[in-house]
Amino acid sequence: MARIGVFICHCGTNIAATVDVEAVAAAAREFPNVAFATTYKYMCSEPGQAMIKESIEDYNLDRIVIASCSPRMHELTFRKMLKGTKINPYMLEIANIREQCAWVHTDRAKATEKAIDHVKMAVAKVGKDKPLTTSTIPITKRALVIGGGIAGIQAALDIADAGFDVTIVEKEPSIGGHMVMLDKTFPTMDCSACISTPKMVDAGAHPNITLKTSCEVEKVEGYVGNFEVTIKEKAKYVNHDLCTGCGLCQTKCPTKVPSEFNQGIGTRPAIYIPFAQAVPSKPVIDPTCCLKLTKDKCGICEKVCPLQAINYKDETKYTTEKYGAIVVATGYELVDWAKMYPEYGGGKYADVITGLQFERLVNASGPTEGHIVRPSDGKEPKDVVIVKCVGSRDQNKGKSYCSRACCMYSAKHAHQILDKIPGSNVYIFYMDVRTPGKGYEEFYDNTRADGAQYIRGRVSKIFKEGDKLICKGEDTLLGKQVTVEADMVILATAMEPAANIADVAGKLGISIDSDRWVTEAHPKLRPVETQTGGVFLCGTCQGPKDIPDTVAQAGAAAAKVMALLNHDEMETSPMISSVDQTKCSGCGYCVEVCPYKAISLIQVPGRDGNRKVTKTVADVNSGLCQGCGCCAATCRTGCIDLKGYTNEQILKEVDALCQ
Amino acid sequence: MEKILNRKEGKLLAERIAREADVKLHECYQCGKCSAGCPMADAMDLMPRQIVHLMQLGDMTEVMKSKSIWLCASCHTCVERCPHSIDIPTLMEKSRMEAQRRGICAVRDVRLFNDIFMETVRGFGKSQEVILEGAYNVTSGHFFQDMKNVPKMLQKEIVRPELNQVNAVNEVRDIMKECEKGGANR
Amino acid sequence: MKKFAYFPGCSMDSTAVTYKASLEYVAGRIGLELKEIPDWNCCGSTAAHTKNEKLAYSLAARNIAIAEDTYPDLDIVTPCAACYSRLAYAKHAAEDEFTRQEIERIIKRPFKGKKEILNFLDVFSQEDVMQACKENMVRDLSGLKIACYYGCLMSRPRKITKAEDIENPMQMDKIIELTGATAVEWDFKTECCGASHQVDAPRQSRPLIERIFRNAKANGAQAIVTACPLCNMNLDMREKEINEMFSKKYDIPVFQFTEILAIGMGAGAKTSGIHQHFWPAFDLINGVLRANFGKAGK
Amino acid sequence: MSVKTNENWEPKILAFCCNWCTYTGADLAGLNRMKYPENVRVIRVPCSSRVNPQFILRAFQKGCDGVLVCGCHPGDCHYATGNYFTRRRFMLMQRLLEYNGIDPKRFQAKWISGSEAAKFRDTVTKVSAEIKALGPNTKFAEPHFTEGGDK
C-alpha cells in the first residue's frame, strides 16, 4: 500500500493569493493512499526541503506529490533532495498550481477547485510511479570540429590543449575560413592574416589535432559520448604524403579560372594552393576545370612534379571514426546580392563589389598587391560609395535580420580608402549605425574625422553613365533626393549560413531556424549547445557575428566539450522506453517511428507452447533513446512503455480528472 | 508650426487607410529607398517616406494637404524596392480619395485633368485625346500647352477629327453612376 | 496561327497610328489573328483609379466580361501598358469573391475574371511567334543600336504583372534583336516617363523624359523602342521640347517595337508608320539599311 | 437521462501538452499573468506523439467534454519528427470520433510553441467557448448520477 505525502507550496503569496492552499491540503487528505498533506510558505527553500525530508521519516512516506510551480522549474531540485532520503528520486510528481493555475486565474473558488484537480491527478499518477535508476555509458574522448575557420580552429586548439584528440573537417583545401581573407580587423586595425595564420599553423602542427581538408561529414550515427562519424574525403589528385608543396605544378598549369579565395578578382590555376599561407600548404586539383580530368589533355603537372605526387586516378574516400563530442563551426557565406538587387546592376558592373571583394583588393597579398583600384579598368577610384544593409534588414528582397558586422567593416573600409587614396571621398549610405562593442563607437567617430560622409538613406538605384556609377539615394535627414557619381561602389553584403548547413544539421539532428541559422539550446543560458546532446556550436553558423564574438564562442564551446570529455562515462535519463519482450509481436512499427533509430529488432529464444522457438522482438538502445514515447503510442500490443510516463500512469491521471 | 505628437486626430483615418492598403505602417523604418527612387520626388513637397512617417504619427491632415499625394505617378517603383514592400502608391491613392471627399486638393490641375478625363468617358465611353487636351487647356488656363504639336498631328494624320464612341454608352454611364453612389469617391 | 481577343484601347484609334499600322502589318505577316472585343469601352486609365476604386475595376471588367462572352476560348491582348495594367488589376480584384460579385452587380454582366491578360511583349516573346517573326525577316538592321524602353506598368507592380525581372526585363530586347539590331544594355528600361502627369503637371514631369534620353544616349543608343502608345507619344512628341528646355541635342527617334519588326519584314516607310513620327526617324533607318545593303548578299 | 442545461455548467477539458513547446508556452502564459478559463486541465507528456489514442477514448468515456492535444509546430519537434506522427494519427482519430457521433470540435490538435503564450491563451479560450456551446458530452459517458437525482 502506497503512502503518499502531499506538500502544497504557498510560494509566498504567488500561489496562496489566488488558491486556498489549506483547502487544497484538506482535500488532498481525503484522496486514497494519502498519508499526509501539508502546506508551507516556500517548499523549494532549505527549511521547506528539510520539512519534506522530516515528514518522509515521520509519516513513513514512500512517494510524494509537491504542488508548487511548474515542474520545469523545480522538478530537478526536488529530485536532488530525494537523493538524500529513503525514497527514489523518481517517486515524485509535481502538480503545477502556479504557472498554470494561480497566475492565470482570478476567481479564487475556481482556481482552488482546479488546484485540487491538479493535485488529484498527481496523486493518481504518483501511485503508479516506480523507482528508476540512471545508467551510465562510456565516453569516447575525442572531438570532431566541423569547419576550419577561425571558430573551428580556436575551438580545436582549446580542446587539444586540454589533452583531447581533435579532428577538424574542412571542405576547402585549406583551413583559415573567411578571416584569413580579410586585410585588417576592426577596431584595432590588426593585420588579419598576421593574427590568424599563426593559429592555422598551430592547428596544423598540434600533436592532438588532425586536419582533414577537402573533407565533408557524410554520415553521423550514435549519440552523445559515442558518435560514429563517416567522413568523405574528396579526391585531391595529389598525394600529400609525397608532396612537399614546392608549387612548381601551379606555375606551369595552363588553366586559369576565377580565384575563390580572391572572390573572383584575379585567377588561379586548376592545380592550386588556395593562398600563400594555406595550411596544409599543398596543392589540390580542381576536377571541374583541369584539362587532364575533363578532356584527358595536358598532364603537365604530372610531368613537372619532381616527386611523382600527382595521381589523376585519385578517388573519393570514406573513413569512419568515433567521437564523443561534435562542434559545428560551419560559418557563413555572403548572400548572392546580384540575384536580389537588379536595381544595383545585378552584378553587371565590375566596379560594384562586395565588402569581401574589397578586402582582397586592399590586401597586400591580394591580386592588386593592396592597391585599391577598380576591377574594370585598374584605375584608382576617387569617389567611393558604400551601401550598407545590402541583403540584410530587407524582408522583401533579402533577409530580415541585421548582419551585425557590416557597420563596423564599412567604417573600416572608408577609413582604409581615405587613408590610402589621397583626395578621395567616401559616401556611406546607412539606415542606422550600430556599434555595440568595445572601441567600436570610437572607431566610427574616427572614420567620420577621416572625412567619411555618412548619408542616412538606402540607395534606390545604381546605374552607369559613361565612366561613372550613379548612385541615387535620399538624404532622409534633409528630405531630399541626392545623387553621387561614384567611381566604385562597395556593397556591405549580409552574411547567411553556409549553403549546405541544412544538410549538415539534418545529419547531426540539430535544428535550424527559418533563416537557416543553427538554433542554440537556449538563447541566453545555453548559447553554445544544441538540442542534441554532445553537439555544440560556435561562430557564424549560429548567427552573424564579428571575430571577437566568434572566438569567445569557440572558447565556450570548447569548454563544454572538455567538461563532457573529462568524464569517463555519463549518466543517462532513466525515463526511456522499455519493451516487454514477452508480449512483443515483432511487428516493427516502433522501429519505423523512432526518430533516433534507438529501436531495433532482435532474435530472442522464446516458447510456443512447449516448443522452443526464436522470436523477433523489439529492443531499445538506452543510449540512443531520448524518451519521446512515440513508440509507446504506436505499439499495437502495448508492450512498449515509457518509464515515468507509462500508459497506466496517464490513464490514472485521466480517470482522476473525470471522477 | 510646432507639432504636438500626442494629439492624434488623424490616427484612426491613417490606420483605416493602411488597413485598406494592406500596409503595416510600423514596418517602415524610414530608410528612404522609396523616395530615392521616386521619379516625382523632386516635385513633391513631402517625400513618399515622409508621407508614411506622417501616417505613422497619425497626422492625416498634413498628408491630405500635401501636393505629393496628387503627384504620385503610381509607377510602383517604391513598393517593389521597399525592404518591407510597403504599398505607398495605394496609401497615396487612398489619401487622395479622402482628400477629395473633404474638398482638399493641393494640385488643382491634376484633379481637373482626371475629372475631364472621366467626363469624356461618361460622354463617349472612350477617352478622346483631342477633346481632353482642349477642354483641359481651357478650364485649367494653360491655353497653349502642347498646342505646338497640334498642326503636326493633323498634318501627319496622327489625330483624326472624327470621334470614337461606344454604342452602348449608356451602359458605361450606368457603371459610373452606380460607382459614384453613396459619396462621390468611395 | 494564333488567335487573341483584342482590346485596342482609346489611343490605338487616335494618336497611336504608327503602332496600329505596324501592328496590323506584322500580325498579317505572321498570321496573328486579333479579334477586337465588340463595343469595348475605356479602361479608365489613371484617372478612374485615382478617383474611385470600384469604378476602376468595373470599367476594365466590362471589357473582360464581353470578351468572356464573345470569345470564351481566347486570351486577351492589349497594346497599351496602361490598359494592360487596368485589365490585369480587374482580373486580380476578381480573385476576391466578394469584389467579383460586386463588379458583376455594377456592370450587370457575368464576370469570371479567369482570362489571361497579355500585352504584346508577352505575345511576341512566345516561342512560336518569335519563330514566325524570324522566318519573315527580309531586312537586316545590324548596326542599329536600340534602347528598349518598357515603362512602369508592364513590369510593376509585380503582384499584378507577374513579371520575372522588373528592373531589367529582356522580352523586348530579344524581340527586336530578331531584326539584327542590337539592344543596348542600359538602366532606364523601367523608369517612369511620367506620362500620366505630362498634361497636368508638365513642369514637374518633363525632367523624367530628359533622364531617359540621357541614359539612353550615355549607353550608346541611337533609338528608343517602346511597346505602349502612351510611352511612345510622350517620348516622341516631347523630344524637341526637351532639347529646348534642357539645352540638349538629343537626336534619338522613338519607335514602337512593331515598327522595327515591320521594317525588318520589309514594310515601307508608310506601312511601318515611320514617316508619322514627331521626331524624324526615316534618316536613321534609311542609313542603317543602306549600310547593310551591300552585305546582304553574303 | 436529461441533458444538463444549467447556465453555470462548466465543461471539463483535458489538454495533453508536450513538455518542450506547449507546456513551456503555458508556463510562459502564467509568467506573463495572462488570463484564461479555469476549465482546462493539463497533462504533461514528453512529446505530443506520446499521446495514445486510448487516452482520448478513455477521457470521453469517463465523461470528459473535450480533449486538446498540443505540441510543437510541425518541423520544430524537440524529437525531430514526433509531431508528424501526432498530426497523422489525430487526423484519423478526429474522423473516427466524428464517425462515432462526437463533434470534431470536442477533439482538437493544435501547434503551440514555447514562445506562443498568447496563442496558448487564445486556443484554450476559444476551445473552451466552443465546447461550452456544444454542451456536455454524453456520447460514451457512463451515466453518472448527481446528488439528489438529475432533474
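The first chain written gets the first letter, and so on, giving A, B, C and D; residue counts start at 1 in each chain.
To be clear about the criterion, a contact is a pair of C-beta atoms (placed from the backbone, for glycine too) under 8 Å apart; a residue touches a chain by one contact, two chains touch by 3 or more.
Note that this is a predicted model, so its numbers are computed, not measured.
> Based on CA centres, what chain would you say lies at the far end from chain C?
The chain lying farthest from chain C is D.
> Highest contact-pair count belongs to which two chains?
B-C
> Cα centroid separation between chain B and chain C, in whole Å?
23
> So what's the Cα centroid distance for chain A and chain B, whole Å?
Those two chain centres are 51 Å apart.
> How many angstrom between the C-alpha centroids of chain D and chain C?
A distance of 60 Å separates the two centres.
> Distance between chain A and chain D based on Cα centroids, please, to the nearest Å.
The computed centroid separation for chain A versus chain D comes out at 35 Å.
> Quick one: which residues in chain A touch 2 or more of the other chains?
Where chain A meets two or more other chains at a single residue, that happens at 343, 461.
> Could you list the positions in chain D whose residues touch two or more of the other chains?
In chain D, no residue touches at least two other chains, as defined above.
> Listing for chain C: what residues touch at least two other chains?
Within chain C, the residues that touch at least two other chains are 166.
> Every touching chain pair, please?
Chains touch in the following pairs: A-B, A-C, A-D, B-C.
> Which residues of chain A touch chain D in their complex?
Answer in residue numbers: 70-72, 96, 98-100, 103-107, 110-111, 113-114, 117-118, 121, 509, 511, 531, 575, 593, 595-596, 626-630, 632-634, 642, 645, 647, 650-651, 653-655, 657-659.
> Flag every residue of chain C that touches chain B in the complex, lowest number first.
10-11, 13-15, 17, 39-42, 44-55, 58-59, 62, 106-108, 152-153, 156-158, 166, 190-192, 194, 196-197, 199-205, 207-208, 211, 237, 241, 275-276, 278
> Which residues of chain A touch chain C in the complex?
Checking each residue of chain A against chain C gives 342-343, 345-346, 348, 461, 463-466.
> Where on chain C is chain A touching in the complex?
Going by the criterion above, the answer is residues 165-168, 185, 187-188, 214-215, 218-219.
> Which residues of chain B touch chain C once you look at their complex with the stated criterion?
Counting only chain B, the residues touching chain C are 39-40, 42-43, 70-71, 73-77, 79-80, 87, 89, 93, 96-97, 100, 107, 109-110, 112-115, 117-118, 121, 125-130, 132-133, 136, 140, 145-146, 148-149, 152-153, 156-160, 164, 166-168, 171-172, 174-176, 178-180, 184-186.
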